[in-house]
Amino acid sequence: MSILVNKNTKVIVQGITGRDGSFHAAKMKAYGTHVVGGVSPGKGGQTVDGIPVFNTVEDAAKETGGNTSIIFVPASLATDAVLEASEAGIELVVVISEGVPTLDMVKVTPYLKKKGTKLIGPNCPGLISPDESLVGILPGNIFLKGHVGLMSRSGTLTYEMVYQLTNQGLGQSTCIGIGGDPIAGLYFQELLQLFQDDPDTDSIVLIGEIGGDAEERAAQFIKEYITKPVVAFIAGQTAPAGKRMGHAGAIISSGSGTADEKIAAFESVGVPVARRPIEVPQLLKEMMHK
Amino acid sequence: MKIHEFQAKEIFSRYTIPVTREILCFTPAEVTSATETLGLPVVVKAQVLTGGRGKAGGVKLARTIDDATQAAHQILGMDIKGYMVEKVLVAQGVKFSAEFYVGLTIDRKTKSVIFMASKEGGVEIEEVAKNTPEAILKFPIDADLGMTPFMARKIAFALFNDFNLVKQATTLFQKLYTMFLETDASLAEINPLVLTDEGNLLALDGKMTFDDNALFRQKEIAALNEPTEDEQKEISAKEKGLTYIRLDGSIGCMVNGAGLAMATMDLIKYYGGSPANFLDIGGSSNPQKVIDAMNLLLSDKHVKVVMINIFGGITRCDDVARGLISALSQLKIDIPIVVRLAGTNSKEGLEIIKQSNLTVVETMSEAAQKAISLCKDCAKQAPYLSSISI
Amino acid sequence: MKIHEFQAKEIFSRYTIPVTREILCFTPAEVTSATETLGLPVVVKAQVLTGGRGKAGGVKLARTIDDATQAAHQILGMDIKGYMVEKVLVAQGVKFSAEFYVGLTIDRKTKSVIFMASKEGGVEIEEVAKNTPEAILKFPIDADLGMTPFMARKIAFALFNDFNLVKQATTLFQKLYTMFLETDASLAEINPLVLTDEGNLLALDGKMTFDDNALFRQKEIAALNEPTEDEQKEISAKEKGLTYIRLDGSIGCMVNGAGLAMATMDLIKYYGGSPANFLDIGGSSNPQKVIDAMNLLLSDKHVKVVMINIFGGITRCDDVARGLISALSQLKIDIPIVVRLAGTNSKEGLEIIKQSNLTVVETMSEAAQKAISLCKDCAKQAPYLSSISI
Amino acid sequence: MSILVNKNTKVIVQGITGRDGSFHAAKMKAYGTHVVGGVSPGKGGQTVDGIPVFNTVEDAAKETGGNTSIIFVPASLATDAVLEASEAGIELVVVISEGVPTLDMVKVTPYLKKKGTKLIGPNCPGLISPDESLVGILPGNIFLKGHVGLMSRSGTLTYEMVYQLTNQGLGQSTCIGIGGDPIAGLYFQELLQLFQDDPDTDSIVLIGEIGGDAEERAAQFIKEYITKPVVAFIAGQTAPAGKRMGHAGAIISSGSGTADEKIAAFESVGVPVARRPIEVPQLLKEMMHK
């Protein structure tokens, strides 16, 4: 099995006629994802790479049975696209768009909760259950089907980690880039719970970074609820205070949100923290043989 | 994005949040004149985009006009944490009997705007947060309802006993929230909010920062930006699609992706080196970006060696390689460059740079170690080629 | 509260919803001049606060200036369902290829604002609703989100195929919703919304009604009220705390509570009589209210007998009785009055009116029957006393 | 038993220092209702008729354990009072205030749903479970403890009906005035379900009036879900179209919302509709002996 996306996932691409949308729709399709439709207002009736385009998510969902959407629209339009997907009954919405205003996310969050819509992102690379479904912009070829669940605030760092895991024969159940913004959808706790409940996930890799206290809360959550082995990595030990390190959420404010605090939080609950990316597979193996 | 105290208080005024009477000055003569206009006493306050100006001597109370002028002479031109003071705010001295803290920010945990209030005003709120967190009350604001009268009143009752003050505060808190939303702020603080001897609430000092992601729809706010030289460089980089932050080390880094860029810096540190910058070239595959990035790195004279760490996803390694080759031919590069390419089209990329003088390594650990070793004896030797992989 | 078409369209214009060029006129001469200003053809439309003016001949197309003037002569002064036409709207004639209906109202079931849209515009929407309800699409608007762009677009796609029109409509629908909320409307309709030959959407006719409960915060809207004589009476009554609606029967009713007042009217009808009014004296116990209510009842010359039905809750029967005694002494009353008092302090109340000439009965059924019988032979006989109870 | 309020109900009176609030707080207390506290901003620390007054509902609820509130504040402040009660965790909120703008009710409804707060009113007389708890302005003395559940859009008409029932020895489990506004809290369907589930309620009286289609929907609901005998009464058979009959919600618009439609709807599902108030007890007895 896997979490969130699998062989039955039917994907609708919002913004499919744009540069990124069309490119990745094709990529996902090539990977084997069921990309059933796209949305681009005013372009309903066209096709992109054989994928039918609709004017609204509602039309797309009705016609195709799509249950998951991925959003490639400009940041200023992204939350409206999320709401449209949610209102149309889409179960899982993945937002790739970068630069979404934080207060827009604050505004949509209660609606998604009310409708029971799951959100990944924004400003994220999406997710993949290897050999089953790729809903995102991750390079499919580096993944290997297996039993490690991975979640990360970063994109390329995720690839780096996955590459290490795959090289060591540690395949993945599902890998999720949760995005680099301060306010995002599904986060460490929800995903830890999903991996805990997934019979096909044996161990978990959590990749955090500076800013906020999500890692500290995740550590507490692991202590209380997670019995599967977890290994962590925290990026940004050398980041200066007060500077946004690329991600809108990666900032040490008023001396809090540092890597040291996060590392200490994990180690205090018995979660080993790799100091270098290459240490992750080894730590994982050690944890699994405990 | 940060703004000055005087700018924050101008925004407060627009929302009819009461602030002290005050005048912005650029010279001691202006301060003298401003003091005469406002009447004694006055407070002369350095306007710099960093905290801790009080401790640094950047805030002075003046009881005579001479004192004010002298304060201006002392403060203008002062260096506060690397920021030069170019302007001061002369504010009318106010007699008050109590100081409070109120602020709005965005809470990642509740995914909502949160109102913070404390009776411990007038001191560094970070200190209060660390030492007596229970002294800061936190009220998440429901995004659908906004700052309802009852919620504003509830917060006001938590700070004040006198109902007249509660009523003043209730209105003030609602205005503060409206301002926060309408300006796409990420922080809006009044510290201290004082109770004057006349029985009124007044913002003695104010601080606001804004969500960079929202500046596209906040033209007026965006216009207030006063970047430092370093920040100007960051902004120019951003315009080219690069996220650049200057640090004080000697190994220039070029990486795709923010997380990997941070991890790269961390790895350099781990092996005993020091990164000269954070540089994320982002997800696109435009070779021009690589040229721009290389230019940017080389513009920092502290950079003694360049480490390139690319894990191709959307970014294609062959595009990066092409950009590198162009950069090498266009720019005069006299420092070593270590390259690691992995992921999408890495084979093709490595093929492209095979003939160049770049130092190519297989893993990011190797890259960091190699960069450090090259940096240690970073004489004027030319970049050279080592091994090829992935 | 209802307003005229021309007022609704003035509000539309404030929200930059496109309307026809038009001029309000009170005389045929003004219509002539307006037609010259606007250019031919024009449509001359009666402005009355009731529906069905089209069927009544209150809307005329004029292709010449003489036609327009003549239309003005015909329409001004016309009686439409009891409303006298005092003004007409002269609107520029517009060529259009399609008519749509859009409207916002409040839906009791979903407890939300609901957007209605139909391709069957230009006809009475009530008829469409009855005959082909499926031709009216309904979209509940989430109160927390408001009219989001995607929702406006979704509705627009339901009406239009051309994307240029979809874009126009999307903006228009968002404005319509903002207007609805900001004016505390209970209905806002454009019917028809036309597609002009130039390819633009335009509100050819508009209708708005407003929530009476919100008029306290909608001073500008409230100022548009043009009550008829009957409505003026209702408003004066309201100012005294009485809810009064004139009907055309002969039995004046005075009741506490709206539901009981309706049930009282129904009961009069059930026994073959006809109520002269709905009159709810509300929940308070002020004897003055009873005097005011009696005055109001007696001001209607059709009233031949008065039936008072009070079930005391907050209203105390003794207070009502005291008010009645005062009214009897202050006013010249020459018609029979039937009284039924039950509930809170009914004993005390009945004791107070024991000595009066009022007809007192025990139940509301009795009261209705007695009132009817007194009405049948409502000669100039004085009110008399019958039996006492409860 | 009874529904919504009973011996354990602890009432907080919002607007207790006002004319109506203080009067009815005393009345409720005299009836035997546990009026545990009142709220009046700025008057915290005072007492009204021995009832402690607080500045906020939160304070009142924390100090007194109050779980139900009744609101007597002016209409323009009523929805804020409702939200305050809901936010403070009050389970049942009863709004007596008349004249609340409809869009204010539209605005608060989703919040109450989110918080799980039950609302009665606005523009209603409240409710009573005879001999247990009176939360409203109804005259307690006319009620008799028993097994008829009653719900009504009207106040005094309710008293009239109850008076008839009590006279005939038909006591009541709970009587609820749901209010005369177009948008209100608990309505026929929710209350029908509660009465259906209440073992102490044997039969139900529903008092409707012109305006809207709540009665029609109630009739359908009865047909599908209610097995207990129901008798209805509809006020406003003689009401003219287009006029608000006292209640903001009592209006025949565009020819719909008439008494005839509502009567027909009930009769079509076997619910007898009394033509005169005095017929209700008799119809009820007949229904119960069927």
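Letters A, B, C and D name the chains as they come in the text, with residue numbers starting at 1 for each one.
Keep in mind that, in the parts below, a contact is a pair of C-beta atoms (placed from the backbone, for glycine too) under 8 Å apart; a residue touches a chain by one contact, two chains touch by 3 or more.
Keep in mind it's a predicted model, so treat the numbers as computed, not measured.
Of the two chain pairs examined here, A-C and C-D, it is C-D that is joined by more C-beta pairs in contact.
Each chain gets a centre from the mean of its Cα atoms; the one farthest from the centre of chain C is B. The geometric centre of chain A is 56 Å away from that of chain C, both derived from CA atoms. Averaging Cα coordinates per chain places chain C and chain D 26 Å apart. For the pair chain B and chain C, the distance between mean C-alpha positions equals 59 Å.
Each chain gets a centre from the mean of its Cα atoms; for chain A and chain D, those two points are 48 Å apart.
Counting partners per residue, chain C has 142, 144 as the residues that reach two or more other chains. The multi-chain contact residues of chain A, meaning those touching 2 or more other chains, are 110.
Across the complex, chain A is touched by residues 106, 108-109, 111-113, 126, 129, 142-144, 181, 184, 186, 211-214, 216-217, 243, 245, 247, 255-263, 265-270, 275, 278, 280, 283, 311-315, 342-344, 363-365 of chain B.
For chain B in complex with chain D, the touching residues are 142, 144-145, 148-151, 153-154, 157, 163, 166-167.
By the touch criterion stated above, chain A contacts chain B in their complex at residues 75-76, 99-107, 109-110, 125, 137-139, 141-142, 152-160, 163, 180-183, 207, 209-210, 212-214, 217, 233, 235-240, 243-250, 254-255, 259, 275-278. Those residues of chain A that touch chain D in the complex are listed here as 110, 114. Interface of chain D with chain B (complex): residues 41-42, 44, 55-59, 77, 80-81, 83-84, 87, 110-111.
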